[in-house]
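Two complexes come next, and they have one chain in common, subunit A, joined by subunit B in the first and subunit C in the second.
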Partner chain A sequence: MDPYYLVLTTITLAAIYGLLALGISIIWSSLGMINLAQGFTFSVAGYGAWLVAQNISANGFAVVAGGVITGALAGALIGGIAFIPLYDKPNFPLRSLVATLGISLFGGQCLLWIFGPRVKALPKIFGVGNVHFGPAVASYDKLGSIVCSVVLLIVTLAWMKTSRRGLEIRAMMQNPEGAALVGVGLRSTAMSVMMVTGAMAGLASVLLSQNYFIRPDAGVTPLVKGMVVALAGGLGSVAGALIAAVLIGFIEAVTAVTLGGQYVLITQFLFIILVLLVRPRGIAGMIEHTRE
Partner chain B sequence: MTDVLRIENLSAGYGPLGVLHSVNLRVQAGERVGIIGLNGHGKSTLMKAVAGLTGWQSGSIKLNGTEIGGTRSQGPGRYTHKIVRMGLALMPQGDALFHGLTVADHLDSGAYTRRAWRERKARREYVLGIFPPLEKLLAQPVGKLSGGERRMVSLARGLMGDAKLLLIDEPSLGLAPKISKGVIEALMQIDIRDGAMVIAEQNLSLLEGKVSRLIGLHAGKLKGGSVAPDVPLIESVHHHEPAPRH
Partner chain C sequence: MSAPSDTTSHTAAATALVGRKRLLPRLKGHGGASWHRWRYPLTRRTPLLIETDYSLTTLTAERRILNPRPVLWLLALAILAIAPPLFGNNSFVSASTNFAMYAAINVIWMLTIGTAGIFSLASLATVGVGAFGAAYLSVYDGFPWWAMWASGPFFGLVFGIFIAIPAIRLEGFYYALLTVGITELCRVYTVQSQKLGAASYGLFGADGFVPRDMPEHEGLVLGYYAAFGVLLLALTLYRSVNGQRLGRLLRAAPEKHEAFAEALGINYRAARIQVFLISSAGLGGVGGFYATLLHGASPSLFTMDQLLLLLAMIVIGGIGTTEGAVLGTLIVVLFDKVFIGLGPVRLILIAGIMLVTVLFLRGGLFGIPEQFANWRAKRRSERRGLQSGKGGNVMPEDAIEILDKQSIAVRRFDARLREELKGLITDSLIEEHRTTNGKRRSDALERVLTFFRRAGVEDKYAILAVRPFAEYRIVALSGRRGVPPRVVDDQVFATPEDALHGVFLKRVQDLQES
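Let's look at the complex of A and B:
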C-alpha cells in the first residue's frame, strides 16, 4: 500500500465531503432543517456545469462557475419551497424533512425526464497529467480538487467570521430568537444560507464529476456521505464536520486500498455507528454549543 | 410630547391560553416606567407582544406612532426583526444570547442595523463605559460567563443599536442582590434622550424612587398605577390587592 497515495486520496475525499457536510451542518443549525435535497442540488449543479461546458465554454473557470451558480440557485429553490412557507408552522423539522425529501425525489425524476438516463461526462477542467513531489505522485485532478475546495472552505469560513451577513448566520445558528431580537430577518438570512451551501454542493459536484459521471441520481451517494460526515462530526459544528470529513475520507481511502471499493459504505457506516455509540452528539458535539 | 409606546386594548397569549386582557399603556419620551408583578401575571407576555413574539395577539401597539400590533393568530417572531429595526430593543428573560459567540460578537450583533453597524466602534466604547467589566471579557465566549456577566452582555447588546424603546425583562432575575442593584444602577445611568425605557420587575424595592412611574400588573391587567403620565390617579377599577411588595 502506497502511503502517499493514501494520504492524497484521503485529503481529496475529505475536502469534497467536507463541502457537502459543512453545508448540511450549517443548514441544520441555522435553519433547523435537515436538508435531504442537498443531493438534488449536487445533481442539478452537475448538469448546470455540463450545460455550460456544452453550450458556452469548456474553460475550467466557466464550468466551475456554472456548477457553483446552479448549486446556489437550486439551494434558493429548496429554501423557497421547504423553508419560507413552513418555518413558523408547528412541527417544522418534520415537515421540512418531508418537503426536502419530496424535492429530492421529484427533482431526480425531473432530471431523468429532461436529460435522459445516459450519463454525461464533464471536461477534465484541470487537464490530464501528474505532479511529482519526491516519491509522491499527484494527478492534476486531485490537486485541483483539493485546492478548489480548501479555497472555498477558507473563503466561506472567513466570510462567516468577519462579515455582517456572516455574523447574522452565526447568530441564527446559535439562537434564532436572539437573532430576531437584534434585527436579523430569519427569512432573508435563511435564503443566503441556502445559496451559500448550495454553491458549496455545486463545487463539490463539479470536483467529484472529474472522476465520476453525471447522472440524475448522482447526488444520492454524496448526500449519504455528507450526512454521515455531518452526523459523525456533530450536526451544527463546523470544526466537527471538518474533522469527521478527514476521518471518513481516510476510512474510504484505506478500505478502497485494502478491502476493495465495494466495502466502503460498510466500513463508513460501522465507523459512524461506533462514533454515535461513544459520543451521541458527534465528535465535536460537546466542544461547541449548537442547536439541540 | 409624543408617545414612544402606545398600547390600546391589547390582549395576547399562547395557543388557547390568554395571558393579557385588554391592556392600555402609554409611555412618553424621556420616561422610565417600572412594571411590577408576580411570576405568571403577564410581564414577559406584555414585552413579547410588543416584539411580536407571542403566539397570538389583538389590539393596537404603536411604536413612535407606527402601528406594530394588530390581530395575529400565528407566526410568532415573523415580524420581530422589522419591529426591532424600527427602534425596539428587548432584553428578554433568559437573555437570548448566542452561547458560542464572544462578547465582542454580541456587541457587533447588537449594532446590526446598517447605520449602527458603521458606528459600531464608537458605540462599543459608549456601552463599555456603562458596563466596564465587559472590557476584559470581549474575547470570551458568552457560554463561559457568569449569570451577572451574561445579563450585562444582554443589556449591552440591546444598547448598541438605535433603539428608541428599551424593554427590559426582569434585570434582577437570578442575580445576587448586590449585583442586581449594580445592574439597575447601570440602567439608570443610560441616557435615553428622546427614547423611553420600560423595566419589568418582581422586586418593587429595586425600582422604587428610581423610575418615573410604577405600574402593577396583576392577572394580565394593569392595576395600581397610572397607565399614562397625564393620568396621575391610582387606577384600580376592580378591588384587587395592590402590586406585591417584597
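Let's look at the complex of A and C:
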C-alpha cells in the first residue's frame, strides 16, 4: 500500500465530501430542514456548467462559475418551494423533507426530459498532466479539486465567521426563535443559506464531473455520501462534518486499496452505523437538543 | 372482512351537527333491533357502529351507521376484485397487479411509519432483499415457488433485524437518512455482485407460480388475483397488529409522550422493534411473492426513483392510514403504468401532485375533510366575531346548527330586552340602587334587577366573605360542580351592602358592553 497515494486520495475525497456534507449540515441546523434535493442541485449544476462549456466558453473559470451560479439558483428554487411556504406550517420537518424529495423527483425527470438519457462530459478544466511530490504522483484533476474545494470551504467558513449575514445564520442555528425576535429575517437568511449551500454543491458537482459523467441521476450517490457524512459528523456541526469527511474519505481510500472498490459502501456504512451506535447524534452533534 | 376501521369516527359522528346531510342510508327498526349488532366471529368487536335515534321531523325510530369506513372498504375491495380482470386488457391487468402489490407494500410499510413511528425509508429495500433472497434460492438451489414464498419473510426478518440495530439508538430523521443510505448500499451491491446477476441487471430465471402452459391473459389474471390476495393478507396483518395489543400499546406512547408511557409501564421500545420486525417479515414476504411473479429480482427495486415513487404514494394518500396508502398507490400506479405513453412527463406529473399535496394539505387526500372542516370552523368563528355587534341575534346560517330552535327565539327576545333595559340605566338609577338597599325601589330599577337575577349560574357574580363584616370580594361562579369560583378583580369591600352595589355596577357594565 502506497501511503502517499492513500493520503492524497483521502484528502481529495474528504474535500469533496466536506463540501457536500457541510451544505446538508448547515441547512439542517439553520433551517431545520433536511434537504434531500441537494442531489438535484448537484445534477443541475453539472448541466449548467456543461451548457456554459458548450455555448459560452470552455475556460475553466467560466465552467466553474457556471456550475456555482446554477447551483445557487437551484438552491434558491428549493428554498422558495420547500421552505418559504412551509416553515410556519404544522408538521414542517416531515413536509419539507417530502417536498425536497418531490423536487428531487420532479427535477431529475425534467432533466431527463430536456437533456435525454445520454451522459455528458465536462472539459478538463485543470488540464491533463501530473505533478510529482517526491515519490507521490498527483494528477492536475486531483490537485485542482483539492485546492478549489479547500478554498471554497475556507471562504465559506470565514464568511460565516466574519460577515453580518454569517452572524445571522449562526444566530439562526443556535436559536431560530430568538434570532427572529431580535430582527433576523428568517426568510432572507434562509434564502441566502440555500444559495450558499447550493453554490457549494455546484462546485462539488463541477469538481466531481472531472472524473465522472454528468447524468440526470448523477446526484444520487453524492447526495447519499454527503448525507451519511453529515450524519456521522453530527447534523449541524461544521467541525464534525469536516472530521467525518476526513475519516470516511480515509476509509474509502483504504478499502479501495485493500479490499476492492465494491466494498467501499459496505465498510463506510459499517463505520457509520458503529459511530451512530456509540454516538447517536454523530461525532460532534449536540445541537439538535438546543434547537428544541 | 379485513377492513380497518377507527373508533374516532364515532366521536366525530356523535358531535354531528344538525342539518348536515348524511351519505349513508338510515336503517329501520327499533326495540330489539336497536340493540342488534353484527360481530366479528369469536370476538365482541363490531364492524359497524350503529346508533338508534328518533327522526326530528317524523319522530320515527331510525338506526344510523356512524362509521362509513367498513362499508366503503367492502365496496372498494369488491370493485378491485371484479373490475380489472373483467374489463381490462392485458396491460391493464398487469398494471393492476402492480397496484395490488405496491398497495400491499405500502400498507405493511404503514405499520413501521404509522404504528411503530419509525421513519424508515428502507421498505422497498426490505422487499428487494426478500426478492433477491428467494430468487437466489430458486436459481441456485432449485426452490419451487411455494418455498420461495415461504423464504421471503425469513430474508425480510433477517434484514429487519440488521437494520433494526441502529433504530434502537437513532431517532426520526437520523434514521430516515440512514435507511436511504442502506437502500443505496443494497443497490450498489446488487449491481456489482456477479452472483446476483450484475451482468443481466437482475437475477432472473426463478420459478413462478403461474404454470408455463397457461395462456397469457389467464396467467396475468391469476397473477392479479394472487397479488390481490397478498393485499388482503397485508390488510389483515395491518389490522391484527395496529388494532390489537401492540398497536394500542404504541398509541399510548406517541412521539414526545414516551416518558409518560414508560411511567405507565409500557415498554414502548420493545413494542416498536416488534412491530418493525413484523413489518419487515411482511415486506420480505411481498418480496418473495415479487420474485415468483417476475421470475426473479432486479436492482431497480433499490433505486432512489422507486423509493420516491413509493413515498409519493403514501404522501398523496396521507401518511398513517391504510386507505390513504391504497388510494395514493392507485393514483401513482395509474399515472406510472397506465399513462406510460407520456414518457418522463408522467413522473413529472406524479412529482407535481406530490408537491402540491405536501405544500397545501396537512394529511394527504384523506386529511382533506378534517382540514376543510377546520378551515370552515375558523371562517365561521371569524364571521361570528364580526357579528357580535348584532346583540346575540342568530344568523340563518348559524340557525341550522342549533338543535333547540326555541333557544333562537329566546336569544332574540333577550337581545331586544337588553336594548330596552339599556335605556333605563341612568346615573340617578345607579345612585338609587346604592342608597335604597332593603327599601322600596322604583319600577325601573326592579325591572333591571329582575333581568340581572334571571341570568344563568355560569359566570354569575357572587360575593365572597373573606373576613365576615370586614372584607368582601366579588367572584364569578364557574357553573360547574367541583370547579371553584374565580376571583374577578382586586376590589375589596368593607360591608356586604357595598359589595352588592359593586356587583350591580359590574352587571350594569356587562349590560352596556353586550
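Keep in mind that, in the parts below, the second predicted complex is superposed on the first by the 285 of 292 C-alpha atoms of A that agree within 3 Å, B and C clash if a C-alpha of one lies under 4 Å from a C-alpha of the other, contacts with A are read in each partner's own complex, and residues count from 1 in each chain.
In this text, a residue touches a chain if its C-beta (ideal position, glycine included) is under 8 Å from a C-beta of that chain, and two chains touch if they have at least 3 such contacts.
No experiment lies behind these values; they were computed from the predicted model shown.
S.K.: Is A:6 contacted by the first partner subunit B, the second partner subunit C, both or neither?
M.R.: neither
S.K.: Have a look at where A:273 lands relative to subunit B and subunit C in the superposition and call it first, second, both or neither.
M.R.: second
S.K.: Kindly classify A:62 by the partners it touches after superposition: subunit B alone (first), subunit C alone (second), both, or neither?
M.R.: neither
S.K.: Given the touch rule stated above, what does A:51 touch, subunit B (first), subunit C (second), both, or neither?
M.R.: neither
S.K.: Between subunit B and subunit C, which makes contact with more of the residues in subunit A?
M.R.: Here the partner covering more residues of subunit A is C.
S.K.: Kindly classify A:164 by the partners it touches after superposition: subunit B alone (first), subunit C alone (second), both, or neither?
M.R.: first
S.K.: Check whether A:178 is in contact with subunit B, with subunit C, with both or with neither, and answer first, second, both or neither.
M.R.: The answer is first: A:178 touches subunit B but not subunit C.
S.K.: Let me test your reading of the model: by the given contact rule, A:257 touches which partner, first (subunit B), second (subunit C), both or neither?
M.R.: Neither: A:257 stays clear of subunit B and subunit C.
S.K.: Just which bits of subunit A does subunit B share with subunit C as contact spots?
M.R.: 89
S.K.: Quick one: which bits of subunit A touch subunit C in the complex? Just the residue numbers, please.
M.R.: Residues 34, 36, 39, 81, 85-86, 89-91, 93-95, 97-99, 101-106, 108-110, 112-113, 217, 220-221, 224, 227-228, 231, 235, 262, 265-266, 269, 272-273, 276-277, 280-281.
S.K.: Considering the complex alone, what residue numbers of subunit B touch subunit A?
M.R.: 51, 53, 74-78, 80-82, 84-85, 89-90, 92, 95-101, 105, 108-110, 112-113, 117, 141, 143, 157, 161
S.K.: What part of subunit A is in contact with subunit B in the complex they form?
M.R.: Against subunit B, subunit A makes touches at 88-89, 164, 167-168, 170-171, 173-186, 288-290.
S.K.: Help me check something: in the complex, which residues belonging to subunit C touch subunit A?
M.R.: It is residues 119, 165-166, 169-174, 176-178, 180-182, 184-185, 188-189, 192-193, 304-305, 308-309, 311-312, 315, 319, 343-345, 347-348, 350-352, 354-355, 358-359, 362 of subunit C that touch subunit A.
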